[in-house]
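One structure is given below, represented as structure tokens, and several questions about it will come after.
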Amino acid sequence: MMRDPRLEVTLPGLPMKNPLMPASGCFAFGREYAELYDLNELGAIAIKGTTGTARLGNPTPRVAETPSGMLNAIGLQNPGAKGVRDEELPFLETYDVPVLANVSGSRPEEYVDVVKTLTDAPNVGAFELNISCPNVKEGGIHFGTDPAAAAELTKEVKRVSTKPVYVKLSPNVTDVTAIARAVEGAGADGLSLINTLLGTRIDWETRKPVLANEKGGLSGPAIKPIALRMIYDVRQVTDLPIIGMGGIQSTEDVIEFMLAGVDAVAVGTANFSNPFACPNIIRELPAWLERLGVEHIRHLRGQGEAAV
Amino acid sequence: MKNEKMLIVDNRLIAAGTYEMTLAGTLVSEISRPGAFLHVAVPGEDLVLRRPISIASVDHEGGSCTLIFKDVGAGTERLARCHPGDRVDVLGPLGQQGFPVDEPYAADDVLLIGGGVGVPPLYYAACELAGRGVSVSVILGFQTTSAIFYEEQFRELPGCDVRIMTDDGSYGQKGTVIEAFEERGKRPDWLFSCGPRGMLRAVEKAGMHPHTKGYVSLEERMGCGVGVCLACVCETEDRSSYRKICRDGPVFPFKEVLL
Amino acid sequence: MMRDPRLEVTLPGLPMKNPLMPASGCFAFGREYAELYDLNELGAIAIKGTTGTARLGNPTPRVAETPSGMLNAIGLQNPGAKGVRDEELPFLETYDVPVLANVSGSRPEEYVDVVKTLTDAPNVGAFELNISCPNVKEGGIHFGTDPAAAAELTKEVKRVSTKPVYVKLSPNVTDVTAIARAVEGAGADGLSLINTLLGTRIDWETRKPVLANEKGGLSGPAIKPIALRMIYDVRQVTDLPIIGMGGIQSTEDVIEFMLAGVDAVAVGTANFSNPFACPNIIRELPAWLERLGVEHIRHLRGQGEAAV
Amino acid sequence: MKNEKMLIVDNRLIAAGTYEMTLAGTLVSEISRPGAFLHVAVPGEDLVLRRPISIASVDHEGGSCTLIFKDVGAGTERLARCHPGDRVDVLGPLGQQGFPVDEPYAADDVLLIGGGVGVPPLYYAACELAGRGVSVSVILGFQTTSAIFYEEQFRELPGCDVRIMTDDGSYGQKGTVIEAFEERGKRPDWLFSCGPRGMLRAVEKAGMHPHTKGYVSLEERMGCGVGVCLACVCETEDRSSYRKICRDGPVFPFKEVLL
């Protein structure tokens, strides 16, 4: 693996060799894709949403297909904060890649617990508060749709975290910029957007929703224009670092997100269709910089805004 | 596990809505476990999820393997329409636990029970067992005559005893595989099964003697196919935890999982 | 054209031969597709959004492509209410098909003006208040995101309308059921959902948004799972008639929307890829009813709800 | 206007990234106007918008027509990869206003100015004019030698005078079509033009004598292609209203529209 200084970006807590990371929930804790390629190629790794104690998640079916996208209702199956700290993070420590620890919970105390448990892990570079998981009934998404609740949660987490805190915004809102501003005011060090959009599919044969959970989160290329719009809008109201995601499949998509205003990107669903999506994009980026005549990838950030 | 654009050597209709696709590529060399599956990308950009299909047979010398699939929806329909010479993007072989075909002794009573498109991985298992000199009994269930496939292929395996059941009695014996199983009387030493969930439950109910080593291949909607997304879980028998079908399976001891 | 009684549905103001209509803005005023097939085949026709006075709309490019979808920022180009009444509706009167008049505006008075101008047109069966057009800066969408504003507008229009009034809901909201309930309380006779989702695309070559208007409305198959989810949710809180739309392309899609809870459907973007989309689906519906073992299409309505 | 799955009779690379596709089908019988275009669906389900491509020539007896297109993005790339024997879903012919090829007299001075993939509809126009015994002068601009196409085809038309300009001077004369136009001196009676917007503007500036009847074929991103969605508008010269390129055009008198 070659290091290319033109790709290096530094976000709070995340010194990245390149602006690419797998998105939370689409890479587990790295073990499986580590069999396919060297994780050291990645800029960072966002791990699966972690809750205070282990969760079993929702009944199956947990995924459904939609045009250019998919619905998931995994329901935050994870081994809990201690399990992640003791069983999963040590494996990732064998790589020189910062971890973005995705944190979920039903109540603010649960978020705080998780952060307390993980904040001293040496390879956790930063936290990503998942205030937008549409797939668990008790909470989570509530923090993502109410600016005051989002701000309050951010504050409480910031109080105990020794690492920078990113807040992952929900797209299922009327005004995403209001939430962005609220969490910025509460001390967030960065933003991630977007999480999945709530959707459903109904099977005409069974006459029931395809997902056991009835509804799930829409991800994949279908949501890309919505992600780009939200990022574009949020970039007009804040200068915070933004990790962008939503339907990224190709190097061209990464450039488009950069132009919309992100500092780094996360690749989710594309890993499933192409397990080499991340390393492939990383390897293609240098040629794109040359094509675009750009000396460093950060120079693209927000350059796609209309000069109004 | 490899990700490869495999060459379609052949793709033909072998029974009502059922296709036999022969694929060539270097990942064939990694195929070793009956029960293992390929995660096949559907041509066209709009279907983002791959389709899991069991490996029905493998020809290591020829560098090819065979899938048998039924056209049941958008993805399999497109796969059915592929032509020899086309390439299809395949991730595999997947699944870390297959049918334990290396374990039975030649004298053991080995029974394979398959229903519909649950039959393909059992054919691969039967080939391996026959290759080791283990003779197997096979009970295959289909809806009707036109749906039957691979009867001849099974019969050609040395020592293979084949019984066909049809729901409508249009071929073989009328009835379900369970009836054939119960009629048979003696309980096998080994029981490998694959088919619809309802059939598997009935097999479990009818057949699990303490000394029978029973294995079942499971299906569930999948995302990644490699164990990261947690889409394809099944509960363990004691309901205390989950197994990932794509990685921990797709074959499990009957006793391990809740059907 | 054969009439099939199993397909007939009656919605307030809209006695329909079948539950299919082209969606507003995707059929203009019928003249063009009338050259391709007999408009009498349609259940109803939703005409292009009409404003108080003629509008020129936005600069071009007005459309962009996205995975399984498209963005549009037409900006409500239309000949104004009088133009529609005098030039367009008379043409449609030559067909035996009720018109759903889509009404847009910047201020409540404009909606009221349009409704006053069109309410006596004999073939206008009902109005559809477009409170959700994302493509005009001054208003429109504001009524769609604030329950109180939506209710107030509905009331004002109901006061002057002699025809039933449907309100077309915006998907760009945190809680679509709140808007649905508010307009029901204000006297709406039915609901239409969904309008387009706000999105954007950025061109890496020009480094500018593809659309001259920067952002546009996302439509097409990509949004289908979101539409189904919103309909599914709204159906749990109201028994009002719902006209469902968002990505419908096939007869199977229509069945899926019916199961989610709609009374009739509208087909938008699919007309562009397949100008025969509407008549094709209508012709296929009877065979689907047989396949599903259903005596009348209305028996599917809401049958896809999970029995919880 | 018809919607038909046309048969691809031929599809070949004729210049750098430029393909000539021959299509057969019954809608060919409706093609009558140079400037008319086909709205071509891209194979695969994820691209929902059709691609507008001008008709470059028509063979009524053979029941086929030709498109010439450049691979500039996802849609044209997939069209480029289509094989003879494949079918492509076409809506057309579209556009109610083409080049008025029936109007010029044999003695008239008719000039065609085309740039890059703006050349195809001009070839169709030149064929029709030549068929009526009108001799035409043609100025074609390309970036470089490898991008040039149809020079021979134009030269083979009776009375056709062809001048090729290249940006880099690697073939013909170095320079733009505007320079060739200005060098030519006399202003034509008829001027038909198609190419990039910038070129069209320059032509308008350089060439519009009061007596020249100038026509231009325009491009814009399209939705429906038939006039319902209002995606493809252009402003009229007086900025008071819009024309729909897909329906009212795609050919307009220079004077009617604002370039």
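For clarity, chains are labelled A, B, C and D in written order, and residue numbers in each chain start from 1.
What we mean here is this: contacts are C-beta pairs under 8 Å (C-beta built on N, C-alpha and C of every residue); 3 or more make two chains touch, one makes a residue touch a chain.
Computed from a predicted structure; not experimentally measured.
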Between chain B and chain D, the fewest steps along chains that touch one another: 1
Touching both chain A and chain D (chains): B, C
Gap in Å, rounded to a whole number, between the CA centres of chain C and chain A: 34
Cα-centroid distance, chain A relative to chain B, in whole angstrom: 36
Chain B and chain C: spacing of chain centres that average the CA atoms, whole Å: 47
Chain C: positions in contact with at least two other chains: 64, 67-69, 220-221
Contacts with 2+ other chains: residues of chain D: 45-47
Contact graph of the chains (line, ring, star, complete, other): complete
List of chain C residues in touch with chain A within their complex: 64, 66-69, 71, 145, 172-175, 197-204, 207-209, 214-215, 218, 220-226, 228-229, 232, 247, 252, 255-256, 259-260, 292, 303-304, 306, 308
In the complex, chain D residues that touch chain B: 44-47
Residues of chain C defined as touching chain B within the complex: 67-68, 221
Touching residues on chain C, where the partner in the complex is chain D: 25-28, 31-33, 35-36, 48, 56-57, 60-65, 67-70, 72, 74, 77, 220-221, 269, 271-276
Contacting residues of chain B [partner chain A, same complex]: 1, 3, 41, 45-50, 91, 220-234, 241-242, 247
